[in-house]
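Labels run A, B, C and D following the written order; every chain starts at residue 1.
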């Protein structure tokens, strides 16, 4: 089966092509093409995953491009991480395809949406089976394209246009880091193949500085894709896309690609302490940074988006603390519960036609399926014991502690508290209390939307059990099998960590309940709207404004300066030369005054000058 | 097997079209356009046949053709005559350029359907231009190269000056004078080489130059190379010799810009590679750092300026400058990756800019504007055109899976090995490219519609041919770059041999 | 001179000159006795026939040995044949132009006069090519000049024409005096007027003082002759005279007269100064030392011609400056003094002859129609007469020196010479830079013809003579541009000019 | 006879030539200009005849040359005057500085 893994990405590609060519004729029936094709991918992925449990990794490649004597290859590889990712991606993609059939119903560009989804899924699946850095990079960019297209799906909205543009450019900044890192690695190791890079790193042929440099450059790529600080600003804006897209791309799969990349390149990172520390620090900082913003946002999707950024920071923290398994584990659980949350949020939006949580409230009764599923997701992400998020978060905290980063550990803990708080704030505001907006036409979503949520809900609960302190660390052991450098399958940590995690998450929930559920505490007790802290958080620490004032302004400034040069200097020189020639012509023309005696005089003067020169130089110009 | 006749025919076939057109009544618009289009086909078919010939493992040397042409009297009384032969030939590099030329020319002939007046003159000049371009890429000696090079100048002047937009005459003059200066410098180089060595055959010159006992001093060679750099720098164009091409891009009719941006600019790159790298490898090496810096300047300068343009054509014009910077970057690397990247960029940009300008033509035809703000929200009215526009922009900004990426990647790959810091600065261009292209393209296609697009047709009929063919080729090269790299192997090996390693 | 000596002289080598001379006499007589009402066109055709006959006889002599008569005052060598053929071809084409010239200023009354005065000028030019003596050279020169003065003033009732003639006479007189003054020193030092003898005497010159004097003489001769080829600093008459003279005469001045000018420049400079020792017997010839002076003049000529041409609004004045510029290009070939110099000059003159006469044919047609010689009169020519416009376009392209035309091959030849041996980088660069400048004004005419709308849409009737000239000019420009060896081989195979000068 | 050195004749010729040139370049009357040109040519003739007698290699050629020069000069003057006549009929002036209809 594994030798046919290359088919997995091809199915969605076929869907993309079919829908692009025949979308107009298929109309909404196009959804079936997409669903069927992703189902095929899912089935293949599951088969590959199960085969990989028992068989060794499989890699196959062929020559793609020859540069002199070096031949660059393309191909595919199935190892533990790839197989797992294949499964996650194709599963979430399949579910989102299904879900979208209901959600996008009635949209005029329905087939286009499915086509884009197909393209994205193709790219994402291609990314995870790439056997080398170059191919990874190529698909890396393609997923960016898919994301860009889907964010800008409502192209006629100015916000969507701006968001799409921003997403593309911000991630591209990161991509350039990856690009440079990749090329530097190539010249140091002579290959783009992961295996060869790692063996070269291991062999010690590369200086420590170069390892750190390349690792950090590659990490910059991950920062861009995974919305880590300081390149995080595009991700919340990306919520302008249709909600299923947010679930698929900006929660479960693409944004996790950064984590996946660091995980894939882990042996390189592991070789440099500095690089690891950088990853961990950025991750932890992002986790708390984004979480704090999430506390005050009022757009349901934006809260989720900041939560995503924060959770991705968690994963980075895990990887940076050498918690390979923890990172990947959280990636998986997060994919499920965050996709669930988004789909549920989409269902809510579908029902009430607004994204502002201030206008919601009291939906628990009206959305019989959505509300409980949303609660499951909220519990999972908050790290309430026995749900998936609890286990994976615990792993991360252990990794951070064991990795010797007490400060980062504390940060992570605070972030966990905040997460629980803002998620339940969201939950309470949306589903409990009085209806604050017009809810006349609210109705539960159709089955095609609730069923995928159901599947994810189940997974959000159970997926944590593949790697627990109690029932064995199956996932971890499998992931690191055959490669000790990735660390242990499960980290033994002090039990108080688990207790602490539970306590902070419950505390967060309790506080949220006090404020938004029971309303016994004023919403403004710490910092109300209009207060400095609130304003800063609400405006996301003014990072966007800061960029606008610095990077964008500088770029524009340089542009206008160069235009000045272009017009006045380059153009001026040209005008000067032309003017000089013209002036010469005018002078010559003026000399032609019609007086024949002048003409002869000129000739005579010419002769005289030549003669004088001849006389002075003793005869010859030498 | 000697196929020299085929190559000669390939180059001269468009002239046959001119003859046919000469006998047609000048009011027969439809049939003139048809004949103009058909006349480009034989060359295209022959070019494709030549590619297949190579694909099937046969020798490209089969296409070489040599005839006696001009015998000059020797410079000194006792010297024999100097011969300039009519020599055409194909190497892998030339082959792909010929194919590119034939393809773009045929597509531009289709795009010429928007020409509103004096079709007869237009197509005659157009076909003359095609012969010139095909000749440039197949000429095996410098004089013949120069002949064809200048032949491209005159029809282009008229095509711009007569069928262009508002400031067409100014643009035509700008084109003529800059390129005239460029070719003048080139002529000096050619004639000095000719006078010193008695030959203009490129291959022979290469071997003469490689010979240390050649009758040229190092300083002279360096001077000649710098002159060559200026000559082709005008064409490419290299900052600060670029201002003419902005005017041309904006003022010329779209079909001509397709040719101009797609092929004529590439003559500069071709010349730098074939003559600069080929004949003056040592001098090239000496100036490699300078070239790399120039390349980065081009790349960033074009990108920054493209960022603030209001006219989409200007964006594309500066983008061409920027992209030609990548050619320089690749060449300056002077290793396999870099040079191959540069050549890829030549082809890739040829296809992409042809596509973009065709779309510009389509838009202009329907909306009478190419100002970004006037076109906002175009995707609503013309979704297919907008889609292709976006695809072309993506190709241009180097999205993997399309040709732009492969070339950009290889060029940078090459330079990072030689001058990592310069290359690192250059990568800034990758970001800027994305920024200005998205700004422009999204500004045109996305967002609120600023105008009624009712009654405006989307792409239709034959308009699909150029768009689809070009997109296909762009994707083909992006996905399967071996279609280009295979014919290039031999060329690259020769160049690397010349560089001594 | 006894009858025997008279008969022993090989008069046959004078056949072409005799034909022209005879026809001049016949034309004068015919004009005298023909009824006044009869058109004089027929006389023009007779003239053309005579020129063609002379051409055939001249070409027939190609390939033979050097023949001289009358004490070497008249010689038929390869040089003479080569340039005489050029003159005859040019003259024939000018005659075609003249037969089609119908001006309102009333030339018809003097039409016959025009033909035989023109032929006299031609005769002078022919004599110049064959002279082996300073005296014949001078007489030939003046035989060319004096009828030219009259031709320029042919339109007797046109004040511009008169003024042109007057300016021409005065400039011409001063220039020939200067040149003659220089020649007199040459005679003084060498003691002979026979060029060959001068050469052999001067090559043994031992006195540095005399060499110095010869240098001065060189400058005087060169500047004096610069008048004939309209090179700086004696170029300023050209625009005024070209503008005022009737168009066929302008064509004649710019082509035939200039060719003759180069003939004499080359003859005198190369024979005399190419042999004269600069510093003791068998040392470097003076001309090698004077190369830089020629270069300066060549450079100045090219710059002035091309740059001032930019500012012209009158097509004939513009062509005057263009013709100055072309003289500059030709002087580059003279400067280089390379072995291919004769070939390049000859070929360039051939190309120049074709393209310039063709252009003047178009100018004549257009200006006759519009009654003025403004460049703006060419506006919309493409609409009015595509054939004329395209022909003019090709000729302009040739003048600008684009490949595929004879003008390019001509420049190529000159370049090759300039870079051979001791290379003249600066001069060649000036040449090429000014060539680019010339694009401005040549393409300015193109702009008018092809881009601008016409003010009056009337069509043209092309007279037979014009058609002939255009066909010859356009076909020749392209043919010699693509296959220059058609002409070069004629030189290579039949004529060995080098031998004429350096063979002894 | 030989008491006068050759250089004196040459100097005379040179002076004459310069006078002629000066006249040709400065006089307003066209007739005087034409006469000045004749002066220049006569200066040449003096040179030629001097060289013919006292030159480095005296020969008769110089005198022959002078004769030709005189004849030609006469013809030239005749043509010049004829043209001047025609011009005078048009413009009613012989001032050379008024002949500037064509310029620039």
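Note that contacts are C-beta pairs under 8 Å (C-beta built on N, C-alpha and C of every residue); 3 or more make two chains touch, one makes a residue touch a chain.
Since we're looking at a predicted model, the values are computed, not measured.
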item: Chain of greatest Cα-centre distance to chain C; value: A
item: A-C or C-D - the one linked by more C-beta pairs in contact; value: C-D
item: Geometric centre distance via CA averages, chain D-chain C, whole Å; value: 25
item: Between chain D and chain B, distance of the C-alpha-averaged centres to the nearest whole Å; value: 64
item: Whole-Å gap between the CA centroids of chain A and chain C; value: 78
item: Chain A and chain B, separation of their C-alpha mean positions in angstrom; value: 37
item: Per-residue multi-chain contacts in chain A, two or more chains; value: 589, 592, 594, 596-597, 600, 604
item: Multi-chain contact residues (two or more partners), chain D; value: 21, 24, 33, 96, 99, 101-104
item: Where chain B touches two or more other chains, by residue; value: none
item: Chain pairs that touch, as defined at the top of this document; value: A-B, A-C, A-D, B-C, C-D
item: Chain A to chain D touching residues, read off their complex; value: 589-590, 592-597, 600-601, 604
item: List of chain A residues in touch with chain C within their complex; value: 581-582, 584-586, 588-589, 591-592, 594, 596-600, 602-607, 610-611, 613-614, 619-621
item: Chain C partner contacts - residues on chain D that touch it in the complex; value: 13, 17, 20-21, 24, 30, 33-34, 37, 40-41, 43-44, 47-48, 50-51, 55-59, 61-62, 64-65, 68-69, 72, 75-76, 79-80, 82-84, 86-87, 90-91, 96, 99, 101-104
item: Residues of chain C that touch chain D when the two form their complex; value: 134-135, 138-139, 142, 145-146, 149-150, 153, 156-157, 159-160, 162-167, 169-170, 172-174, 176-178, 180-181, 183-185, 187-194, 201, 210, 239-240, 243-244, 311, 317
item: Complex interface listing, chain B residues touching chain C; value: 69-77, 79, 81-82, 121, 143, 146-151, 153-154, 157-158, 161-162, 168-169, 172-173, 176-177, 180-181, 184-185, 187-188, 191-192, 194-196
